[in-house]
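Data block below; observations after.
Chains here go by letter, A, B, C and D, matching the order in which they are written, and residues are numbered from 1 within each.
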Amino acid sequence: MSTCTRDEWMTVAAARLLHDHSVCFVGIGLPSAACNLARLTHAPEIVLIYESGTIGTRPDVLPLSIGDSELAETAACVVTLPEIFSCYLQAGRVDIGFLGAAQIDRHGNLNSTVIGPYDAPQTRLPGAGGAPEIALHARQVFVMLKASRRSFVERLDFRTSAGYLDGHGARARSGAPGGGPRAVITDFGMLTPHPQSEELQLTALFADASVDEARAAVGWPLLVADRIDTIAPPSAHEHATLRALNTRTREAHARPVRIPL
Amino acid sequence: MSTCTRDEWMTVAAARLLHDHSVCFVGIGLPSAACNLARLTHAPEIVLIYESGTIGTRPDVLPLSIGDSELAETAACVVTLPEIFSCYLQAGRVDIGFLGAAQIDRHGNLNSTVIGPYDAPQTRLPGAGGAPEIALHARQVFVMLKASRRSFVERLDFRTSAGYLDGHGARARSGAPGGGPRAVITDFGMLTPHPQSEELQLTALFADASVDEARAAVGWPLLVADRIDTIAPPSAHEHATLRALNTRTREAHARPVRIPL
Amino acid sequence: MLLPLADAIERFVTDGASVALEGFTHLIPFAAGHEIIRQRRRELHLIRMTPDIIYDQMIGMGCARKLTFSWGGNPGVGSLHRLRDAVEHQWPRPLELDEHSHAGMAAAFCAGAARLPFGALRGYLGTDLPAHNPNIRRVACPFTGEMLAAVPALNPDVTILHAQRADRAGNVAIHGIVGAAREAALAAKTLIVTVEEIVDTLPPAMNAIMLPHWVVSAVVECRGGAYPSYAQGCYARDNAFYRQWDSLARERTDFLAWMDEHVLGNTDHHAFLTGLQQDVA
Amino acid sequence: MLLPLADAIERFVTDGASVALEGFTHLIPFAAGHEIIRQRRRELHLIRMTPDIIYDQMIGMGCARKLTFSWGGNPGVGSLHRLRDAVEHQWPRPLELDEHSHAGMAAAFCAGAARLPFGALRGYLGTDLPAHNPNIRRVACPFTGEMLAAVPALNPDVTILHAQRADRAGNVAIHGIVGAAREAALAAKTLIVTVEEIVDTLPPAMNAIMLPHWVVSAVVECRGGAYPSYAQGCYARDNAFYRQWDSLARERTDFLAWMDEHVLGNTDHHAFLTGLQQDVA
């Protein structure tokens, strides 16, 4: 297991959070890897939805985009994007939403819009996509994001998606139906909201990571739980399954496409 | 032609009003017969939509209900009922809507809801169905209704669908996007709205009908145009096509259905 | 998930519930309606765009307290005599009406499916319906100021559909005219689907109409469950029966006798269909 | 109805128009976008949920005055550098943003397709977007009083789609991931569809996705018209090209050179594809 990367460890840690039969609204990148790893290991009946409208998809390789043909071909069905967002996500039919971001704050609010002022950006990011409503409606949200003082910040430049707002029940008072970010999976371990203040606190570390490493990577004074769980490294099966998935994916994406003449 | 019934004549007169390529929202009964007769004679590319969501349907026999399988099997496509009403009818994509009713008034307003008070009805009718929004949105509405003093009334018991409201531009002022009832095809001929007052006036008679017959069948003092057109009887081709269609339909509806055990 | 029909009705359809048996002319869940009658459910709030014969039967048998609908006739034939009798003469009991147009009711189902509290449409203009239904209101566009019609979302306690097939996981595939059935299904708190057959694996749906298993509460295998309505690809609509219903249901005594013999007198839908076949033969 | 691509763009896409090239990852109308660049259209209001490479190219070539969008990246790869350069440094010209979430923009397309002035959703709660976009407002439910988010309808002057096939009458059949393409099509004043092939007769669609001929303004036969995006059943997404775009478009000069050689330097999409094939070989 010494060869396992932090990306792989994050993916495995996220996959383990997913129960069989749960309905996941999947984003591209690490979340897509984590969800499919769960499906290929302990959660064969997990329902994966991509925002392209593919429901119950079982891709053999990971998609590069949110709408690769692999997703449509292996889906139980394909519906329109308005239907996915209104009749599934907004209707409360999604158990778990995954989000990434450029910045997160101590209450799990996320920025994927802009670094610097909105009207005079230092770095323009891709923007909201499905995030604001995933953050609002999914029963639980899992955030996957590598930590640094540039990404785990005291103050967001822009709030794209709501976490716990200012904490202490502010989210629930705002009328947001979903439960908010129940876990932030990062490259030293996991933060979860404090039951009262809803401030993210360190509750689990990868076996080879330390509290000091976590504190150094977070741009606010990090709350540390009384008890810190250890996240076991990927098992041989998890590791082999993930590597095989990533290998298949690399091969598939490198396969030349016939230019249609 | 002496054997032609008034029903047939009405059907033929309505069919002749339909141009090739026009998009018709078809109702069951005489309108369905008229639209399909037009398709089988002078308007082969007419687009027939039934409110069951069947678009561009070309049934070989007339449906009994608005959603017989014949309609789906011969349709260019089948969409949901919400889509037909919102993205086609409400979106202004229907040229011609057909309506029937139990009562009509002199401004082409229609009642298909109730005879007597709403809360203590003498006769409860089926109700609105698609009529209020067909009346509102179709570019033109054609009404098909046999005349009697019980159906062509001074005052509706209930206004289900808007014609010209109180006339003199009231409909346009109400914001109704469609053009309203451009013709009422009945069993003595045809009424059309007066250009200014929008009161229905007698403008055409079947070759064997008279103004007196029309006046006797209408429950208000009937306005008669200066010039009255004569509606020619069904041609041999029209008549034969309609009779063949009705014969095929009768045979199909009498065919025993296998009870699915 | 896979249940016998009697168990599904017993478990999910309770007295007083709001219940939508949907299917626009096509795939009307007759078998489920008959089972509700057999189990003598009462005080139901029935919801359906086009009540059709099945609601005529349920209303005539006293199951319903209220009806939300937009067109209550026997398509191509005429009146629903039991519905009329309930409205005109309160027989067998009074029936409260929540009456809409098709477009309004479609908007209400769509809002329900999306879990929005209301639906908006350009509709109901120049009609007397809003004067008799407080569930038809107006809403101003926050951009243009235009006034639109508004209807409250429909979220039935139970929606019941019939479909051609489901797989063992409970995924349901519908083929043909669908009306507002998909929206009614997604709007429901509980969704029961009777199907012609349960298969091991559905063909890949791609863009076809599918209800995924986790929105379905119960799947019931019930061949012929839509008869005398129809199931595209399986059997045709029995238009002759629809015509015949006009006389069968015109008089209370004839109606009750027919229901006694054919619905109450049979234990299930298979026996009901067998009995009708003997009548025909 | 059936037109060459250059004629369709010439006739229907005018300077200053609002134009939506839709297709969610799948069926993105690249050939049409390139032709708009070749014809040097200016001051366009571009509308698209996910701008993708084609809008990066149109923005970088100075076609656009304004962008309505909800996610502006290279999916799975990173930034759209030309979009970023326009927003961060106003190069080659300033770009006004009308920025939404996917759910908001989907509601706006649905409203446009239904010709309603606004769409409502439970959305935009706790985000800073409404503070920067006056097109995100609130509306009160006339039944419950609940405040919902509201967006104005999107009704593009022109929507352009790519699809697998059309028949000679102009009926268009779409298969696979559809995103909000159907809504964008029905919301448009003018609809242009490029297709892989024109056939004599489409197979019966039943519940499949079809755009009937009278909502379509022009059909253009254009094989490979979605490349480097894809057409389900015809060719795959060229993920390697999407990755490569990241370096091709990072610097202004590299970008302009590539556009000169591959888009402006070719008379049509066939020549563009042939040129790329030579690069690959």
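Here is the rule we go by: contacts are C-beta pairs under 8 Å (C-beta built on N, C-alpha and C of every residue); 3 or more make two chains touch, one makes a residue touch a chain.
Please read these numbers as outputs of a predicted model, since none were measured by experiment.
Enquirer: When the contacting C-beta pairs are counted for B-C and for A-C, which pair yields the higher total?
Expert: Counting C-beta pairs in contact, B-C comes out ahead.
Enquirer: Any idea how many Å lie between the Cα centroids of subunit B and subunit C?
Expert: The mean C-alpha positions of subunit B and subunit C differ by 27 Å.
Enquirer: Approximately how many whole Å separate the CA-defined centres of subunit A and subunit B?
Expert: Chain centres of subunit A and subunit B, defined by C-alpha means, are spaced 57 Å apart.
Enquirer: Hey, how far is the Cα centre of subunit B from the one of subunit D, in Å?
Expert: So the centre of subunit B lies 41 Å away from the centre of subunit D.
Enquirer: Out of subunit B, which residues touch more than one other chain, so two or more?
Expert: Answer for subunit B, listing residues that touch two or more other chains: 72-73, 78, 86, 90.
Enquirer: Taking each residue of subunit C in turn, which ones touch at least two of the other chains?
Expert: In subunit C, residues 115-116, 121-122, 176, 178, 183, 206-209 touch at least two other chains, as defined above.
Enquirer: Write out all the pairs of touching chains, ordered by chain label.
Expert: Chain pairs that touch: A-C, A-D, B-C, B-D, C-D.
Enquirer: Okay, in this complex, where on subunit B does subunit D touch?
Expert: 21, 23, 45, 47, 55-56, 72-73, 75-78, 86-87, 90-93
Enquirer: Going by the contact rule set out above, which residues of subunit D touch subunit A in the complex?
Expert: Against subunit A, subunit D makes touches at 24-26, 49-50, 69-73, 75-77, 79-80, 83-84, 87-88, 99-103, 106-107, 109-110, 121-129, 132, 176-180, 182-183, 196, 223-224, 227-228, 230-232, 234-243, 270, 273-274, 276-277, 280.
Enquirer: For the complex, give me every residue of subunit C touching subunit A.
Expert: Residue positions touching the partner: 113-116, 169, 171, 183, 186, 202, 204-210, 212, 214-215.
Enquirer: Can you name the residues of subunit A that touch subunit D in the complex?
Expert: Contacts found on subunit A: 28-29, 51-54, 63-69, 71-73, 78, 80-82, 85-86, 89-90, 109, 113, 118-119, 121-133, 135-137, 158-162, 165, 171, 174-177, 253-254, 256-261.
Enquirer: Name, in rising order, each residue of subunit D that touches subunit C in their complex.
Expert: So the residues of subunit D in touch with subunit C come to 115-118, 120-122, 135, 137-144, 146, 148, 150, 152, 174-176, 178, 206-209.
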